[in-house]
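We call the chains A, B and C, going by the order they appear; numbering starts again at 1 in every chain.
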Amino acid sequence: MNSFSFSLRAIVPYLGELQTAVLVTLAMSLATIGLSLAIGLVFAVLRQSRSAPLRWFATAYVEFFRNTPLLVILYFAYFMMPVIGLRMSPFQSGLVGMTLHFGAYMTEILRAGLIAVPHGQYEAGHSQGMTNFQILRHIVLPQVIRTIYAPLGNQLITIILGSSLTSAIAVNDIAAWMQTTGSDTFRYFETFLIAAIVYAVLCQVINLTRIYIGRALFPDNR
Amino acid sequence: MTQAPVLKIDTLTKKFGSRTIIDGISMDVTPGEIVCLVGPSGTGKSTLLRCVNGLEDIQGGRIVFEDEPVRAHSKKIIDVRKRVGMIFQQFNLYPHLTARQNIVLAQVVVHGVDRRSATERADELLARVRLAHRADAYPARLSGGEQQRVAIARALATNPHMLMFDEPTSALDPETVGEVLAVMREIAEERRTMLVVTHEMRFAAEVGTRMVFMDQGKIVEEGVPRELLAQPRTERAQRFLQSIRH
Amino acid sequence: MHETYGLLEYMPSVFRALGLTIWLSWLSLIIGAVGGLVLALMRTSGWRVLSVPALLYVEIFRSIPILIILFFFFYGAPLVLGINVSAFAAATAALSAHASALMTEVIRAGIESVGRGQWEAAQSSGMTYGQVMRHVVGPQSMQVILPPSVNIYIMILKESSIASIIGYVELTATGLLIREAHGGGFAILGIIAILYFIVCYAISLAGGALERRMKIAGSGLHMDGTR
């Protein structure tokens, strides 16, 4: 009955496509982190705003996307685009969904970073005659970057893992490679193993790079 | 001695909501004066300094620093701040910068000094506050007294026309108060204009040229520090001085 | 307008599907909590034979996408083991595996939050390891364990949407089916998203309230000076 034998030979012809798939996963993840950082910065500032409607709007955004599944948001973005008349590739609509979802998490990370800078730091900058922009650039942002550095690294890993769901809306990433190769060769176990290793290696490389760069950038940190 | 004042404060009023913190204070500071502001806590001494630096907006009266009106959110406020050095109770050193970098930053970005001369100036000042050996240390690695001395050096770096100290020793451990006061004494000997909020009465008596006693947002009494301390004329000053002697 | 009206007749099946989503995620959380407890005890045992495998398990399941774990159970396991695995079983297995990795870290942090003094006091009164865990350390660590567990539950509930990919008809899959039956559009997916939001947000509010109550009840808990 059980005739399972482990063999990687059937997978070899598909390794070239795996390379492209890895690049797609990386492109999706890096684009998401860049865009969600931008969105997060806007909403983090809005959450501190003096205007109550703006604060409410930003909070609603964060709470909604933190409490809905990424997969549903991806489907929503994917099916909405053609209806509202936007012709987008699966990659593009996937990026929209990813950015909306992870932007909410990024808002919270950045907000925590901004809150961590004490009021006295702004005052010290002002008392020395700095402009608001100089204070932001020389005093606040360097400190925010320090606080959010580690959570940001974790977030990048979460984003890479989460990007596998874009395979459900026809993005040709590593997870999609795994599904097509698995069903083509019927070597599910082997393809899954390879995909798992690729993801795990990506995550660990990022993790180690983060720690290494962190030590170089902030030698004084704690 | 009849020089034009550096700082003119005219019937200044500051409110937080409906609470009046500063209630129509007028005072001038002339060059070379060392004015010590004393009085019970919560009577608006620190708020007064913060108003002079434009960190607080004011509800009435006028503050003029060297012919420049001080207004909290005006563009011109930066011109005032460039000429005034401020030392905070909580030091407020920039934690991501070393002691030396803390002193360099505003010289470079606010005053346009080139980085090399700014660094030289920083090292010279660090030596003066006896912290040359700590130049590369981050604030987290410095004691409170060391941090405050760096903060003083940071304020001196741009040659301000007036220095303001907001309870510079109140957040310090008792054993490091002395080292900070010693540095302040040396600066006072250079006849710099200083406005100091403090509870250190001995320091005020020995270093101050004038003592201003404040209570409930008003100036209650002022005079030569030794005289005011020895023979306060008002009952409120007497009661306050009694309370801190015990 | 007309489109949204037409969707109303599907609502009974949507709510039934929501029930399945909650059932699937709840079951996975329970299995995950039991697994996490075992793994956390292994992690804190002080024996490398036990702590290293537990650490590996946690690291592996935290750096592989849940989708791959799901596919492994659904497509891979039948081939390797020669058994048939239903979509529900595969989804439960994958979600439980992920939940147990997350719960391990939370429970470990809970156990480690109880100071050494508590161990020494309990052991000096003659309690065994099991008794100390059950009567002394366990109850005290709950304050640290419960609040993040609520977040893990929310996470698993959201993650359970991937069961739709292998054809288990829970809330997300139901939304996709209705969309097709209804001739496209995206409104139904908006409704599905809002349903997820209502459930998850309600749970997180309840979790926040629980956390506040435990903080009040638990103040004065750490009397050994460790915290």
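What we mean here is this: a contact is a pair of C-beta atoms (placed from the backbone, for glycine too) under 8 Å apart; a residue touches a chain by one contact, two chains touch by 3 or more.
Bear in mind that the values here come from a model prediction, so they are computed numbers and not experimental data.
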Arrangement of touching chains [line / ring / star / complete / other]: line
Starting from the Cα centroid of chain C, hunt down the chain whose centroid lies farthest away. B
Which chain pair has the highest count of C-beta pairs that touch? A-C
Hey, which chain is the most central one here, using CA centres? A
Could you please state the distance in Å, as a whole number, between where the Cα atoms of chain B are centred and where those of chain C are centred? 56
Cα centroid separation between chain A and chain B, in whole Å? 47
How many angstrom lie between the CA centroids of chain A and chain C, rounded to a whole number? 22
Within chain A, the set of residues that touch 2 or more other chains is none
Please output the residues of chain B touching chain A within their complex, sorted ascending. 53-55, 78-79, 81-82, 84-86, 88, 90, 92-96, 105-106, 109-111, 138, 140-141, 154, 158
For chain A, which residues are in contact with chain B within the complex? 118, 120-121, 123-124, 126-131, 134, 138-139, 142-143, 146, 220
Within the complex, which stretch of chain A touches chain C? 1-2, 4, 63-64, 67-73, 75-76, 79-80, 83, 157, 161-162, 164-165, 167-168, 175, 178-179, 182, 186, 188-189, 192, 195-196, 199-200, 203-204
Residue positions on chain C within touch of chain A in the complex are 60, 63-68, 71-72, 75-76, 79-82, 154, 158-162, 164-165, 172, 175-176, 179, 184-186, 189-190, 192-193, 196-197, 200-201, 204
